[in-house]
Amino acid sequence: MKIDAIRKDFPMFKNKSKKGYDLIYFDNAATTFKPMKVIEAVNEYYTKYSVNAHRGDYELSYKVDTLYESVRDTVASFINCDRKEVVFVSGTSAALNQIAFGFGQNQLKPGDVVLSDEAEHASNYLPWQHACETTGATLEFIELDEHGYVTIETFKKAIHSGVKIVSIAHVTNVLGCVLDIKEISRIAHEHGAIVVVDGAQSTPHMPVDVRDLDCDFFAFSAHKLCGPTGTGVLYGKYELLEAMEPLMLGGGSNARYDMCGNLLMKDPPYKFESGTPAIEATLGMKAAIEYIQEIGLEKIHEYESELRAYMLKRMKELDNVIIYNEDSDSGIITFNIKNVFSQDAATYFSDKGISLRSGQHCAKLLMNFLDTPSTLRASLYFYNTKEEIDYFIDVCSQINPDSFLDVFF
Amino acid sequence: MNDMFKDPMVLRQIIMDHDKYPRNRELVKDDNYLRKHMASDSCIDDIEVQALIKDDKIKDIRFDGVACTIATASTSIMSELLIGKTLVEAKEIIQNYRDMIDEKQYDEELLDEAVAFQNVGKQANRIHCATIGWDAIEYLMKESEK
Amino acid sequence: MKIDAIRKDFPMFKNKSKKGYDLIYFDNAATTFKPMKVIEAVNEYYTKYSVNAHRGDYELSYKVDTLYESVRDTVASFINCDRKEVVFVSGTSAALNQIAFGFGQNQLKPGDVVLSDEAEHASNYLPWQHACETTGATLEFIELDEHGYVTIETFKKAIHSGVKIVSIAHVTNVLGCVLDIKEISRIAHEHGAIVVVDGAQSTPHMPVDVRDLDCDFFAFSAHKLCGPTGTGVLYGKYELLEAMEPLMLGGGSNARYDMCGNLLMKDPPYKFESGTPAIEATLGMKAAIEYIQEIGLEKIHEYESELRAYMLKRMKELDNVIIYNEDSDSGIITFNIKNVFSQDAATYFSDKGISLRSGQHCAKLLMNFLDTPSTLRASLYFYNTKEEIDYFIDVCSQINPDSFLDVFF
Amino acid sequence: MNDMFKDPMVLRQIIMDHDKYPRNRELVKDDNYLRKHMASDSCIDDIEVQALIKDDKIKDIRFDGVACTIATASTSIMSELLIGKTLVEAKEIIQNYRDMIDEKQYDEELLDEAVAFQNVGKQANRIHCATIGWDAIEYLMKESEK
């Protein structure tokens, strides 16, 4: 990894904090910085072919249409699927809602079970809860192990023949637990269940091959992999996309309709894409995927693991730090400063130029496993460095119940 | 090749003629015909194509619908070209037509009047108009082989 | 209108067509070009504060959150409503779906009537058709007059006490029919119906005051008023927003939830905003609104009327042109070239550098009023000029059943 | 003003003390108390505030919940300051507190220990923590006047 060259691709690193510190961005699980290539792709749309897609009545519209559709090929080669299995959505949340309401709600019957777990993001929990409520299905949870992780073992205990849908994160956003989706799919399919994967936290950080994972649906957001906000991907096996109802109807998704109530929907993926899409964001997503592919997802994963190991080692040398997810294999480190409320600590970090998140977690998860109402989360990406970590460790070591108020005085 | 086909005015006339007087533009009610509805997502063309395929031979082609000049004329010419051909022969013609549209090498002799669409590739957004009928027959040929 | 200065704000005008012609863009009803101010707003996000909104754990996130929320104030002053009545959506289509499914589907009972008309955009028709189907309500249509327009008179004939929801375009996208929404609202409210307005084609072109219009819901897209794609606004009277269910659930929209099925939704507008929003697009929308407000919506409307009158006058001098919507008061001119299929004519226009749309219309509308399967649509915006119209007229006059194939030879 | 309040170390101590030993942090089961649940959208603080308001006077204030140091201490200090005050007096104190947070002119005497939060305005993202309890009591005062 030519980290210096890579950092030059990101204009955000030119900024300083209010107090003049270098920007150290450790909130990559929330969203990521954008490289010039992505910014240029968006600008190119604005300055060179700023028209609507999905029609080819004139030169420019044909060009935009062609470019926009080419993003499906980029995505297809990125996650290894067919281009017609790539549905553009506004993000992971929209994708999971589309699946829960358009597929789950139509397929679930009273007594059916949706299997998930208590470490899911709200966007992969609330839609299923609602789909279960309206259909009379039941939402069951996979037990978490002593670290708060789902494992193949706890999954095996939870699955049974009543389970119709398993919906689960590839990598969870609080503890960064990485799940073996291939094995989950194998077991789920044995039981006749389909597998929905929330890939928001995995896709940016490791190679994803949906055919190999053999999951049935997969969702991710562009903005977490160096792309624009407002766009993302819903992948589904084609026959499942065919069985799914669109969450929204309107211009673009229908091939033909008349006023007598006859509606001929387009085939997937188009039937899920109503209205003018987020064109420049989607073109930006293409650039983002190409950018991270160029670096290489294997390399990114390897480098992040190295960074994480280094950061953990250094954090463990400090005696004012509690770490909650030492064993996970993602770029997410969840921790607290002893006797300092997470939000107060985050303010201290921010004051020193370090951006990280203080997060609250669902009641049960935290009571059973973390024993704290909230934590700090540092999440790394390939543009972070050991030097940044060294500085972070330095700041970490300064925070204690006496010093954290410094920023207010 | 028919030398006349070198003259743009002649090629124009061919298109205009097939647009005004499309050949085989009448659907039949006969269950022996395979049928394919083509409603392009990105244009107005909305046609139905029927084919009677027996003993690996295209006995008849019919079509109808609302379509632009390019779609109407190209489908009409396709129907004339392919009726009576074996599936093998038809496949070769179709391949050559596609090669022409893609601005590759192709055999003019095989395409006859269809060479009128030789420049469609330059108006990329109209390619689908010039191929909508051809896509339909190719689909039906595959169906017949199932 | 300092039209030369205005055109300099739009980098798109620097481009030429493939054959070297000036770009003449008459497809503004589909989407609009973006001024530098909008492009810069998006770039500023990418280069200066490229982090997630909706949390204030560190300096940058607080900044983005504050900026993002300030867009609600911009919109509120733009359409004259309260900031908490401004819901950010991905566009008009998403807004109308949200209303039809989140409000309509919950409120409609068997026998209730939704009143609309046959000139609506698919995005304001299909969701209502579906909401009626699932609730047992009926979708009724206001009769169109001899021009294909809804009028106050035809509306009065159509409304009755069974009508619960009227959903209608402020300006229709095919014929550019402008509706007196204030009067529609008054009459609808007398009958106890609420009024949903599709403002996609009005908001960019004329002053909109939702309090004065007294409509109950109003929707528009940023990309049709010089803003980015992927963002737009759903306005609703606050008590109706409170009564509406969100179409999507997930991170951001819920205040608190636990794993026992208890969910505390945030108040509107936040309860409708799940997942990471289209941040840079929404900041771009702010810039776009400020840009067109600076020019002045009154002025824009006036200038477009002038352009349209000029264009109509010149088109009527040609004998190869059929005009379908002479009497409408919008920047939309719907026409055909005699004996040339619309798409073939559009290709000819495009070849000469003119971008306009060839459109197909719903069966009934066209059979009853237009008597053609499709039309050409030229739609103007404030950056268009009389010189462009002169050139357009010139090209128009060249197209005929003999010449339209020129582009292929 | 109490000169001690000029010393940052003292102000720090005040905050720390109210965080460690919050005053009036215990809810009561008494329907005479008005209650308001404050769950900030953008932070973790999640508190419930109760107030007993009678004859235009704040007789008692109670609170509980999960909250950061700033929110806990500011709510604790607020409760001490406002208990026993008339609504008119309380409004004046609240207004002065808000003015201080907004970095405007304010009357230090009225605010007493609450001056410890005089610099919160510089950490704009923490303003809501320093005002969450104050927002709650203001809401309850309005409720009581209905």
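Per-chain residue numbering starts at 1, and chain names A, B, C and D are given in the order in which the chains are listed.
The rule we apply is simple: contacts are C-beta pairs under 8 Å (C-beta built on N, C-alpha and C of every residue); 3 or more make two chains touch, one makes a residue touch a chain.
No experiment lies behind these values; they were computed from the predicted model shown.
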Q. For subunit C, which other chain has the most distant CA centre?
A. D
**Q.** Distance from subunit D to subunit B - Cα centre to Cα centre, in angstrom
**A.** 80
Q) What is the distance in Å between the mean C-alpha positions of subunit A and subunit B? A) 47
(Q) Taking the mean of the C-alpha atoms as each chain's centre, how many Å separate subunit A from subunit C? (A) 31
Q: Take the average of all CA coordinates in subunit B, do the same for subunit C, and state the distance between these two points in whole angstrom.
A: 39
Q) Residue numbers in subunit D touching 2 or more other chains? A) 43, 125-126
Q | Interface hub residues of subunit A, defined as touching at least two other chains | A | 55, 57-59, 61, 343, 347, 350, 358
Q. Mapping chain-to-chain touches, which pattern fits: line, ring, star, complete or other?
A. other
Q | Pairwise chain contacts, counting only pairs that touch as defined | A | A-B, A-C, A-D, B-C, C-D
Q) Mind pulling up the subunit B residues that touch subunit C in the complex? A) 8, 11-12, 15-16, 43-45, 66-70, 117, 119-120, 122-123, 125-126, 129
Q: Would you pull the subunit A residues touching subunit C in the complex into a rising list?
A: 11-12, 14-15, 17-18, 23, 25, 27, 30-31, 33-34, 38-39, 42-43, 46-48, 50-52, 55, 57-61, 90-94, 96-97, 118, 121-127, 129-130, 133, 139, 141, 221, 223, 228-231, 247-252, 254, 257-259, 261, 263, 274-281, 343, 346-347, 349-350, 354-358, 362-365
Q: Can you check the complex and tell me which residues of subunit D touch subunit C?
A: 39, 41-43, 46, 124-126, 128
**Q.** Residues of subunit A that touch subunit D when the two form their complex
**A.** 340-344, 347, 350-351, 358-360, 373-374, 401, 404-405, 407-409
Q.
Could you list, by residue number, the parts of subunit C that touch subunit D in their complex?
A. 54-59, 61-62, 65-66, 255-256, 264, 266, 270
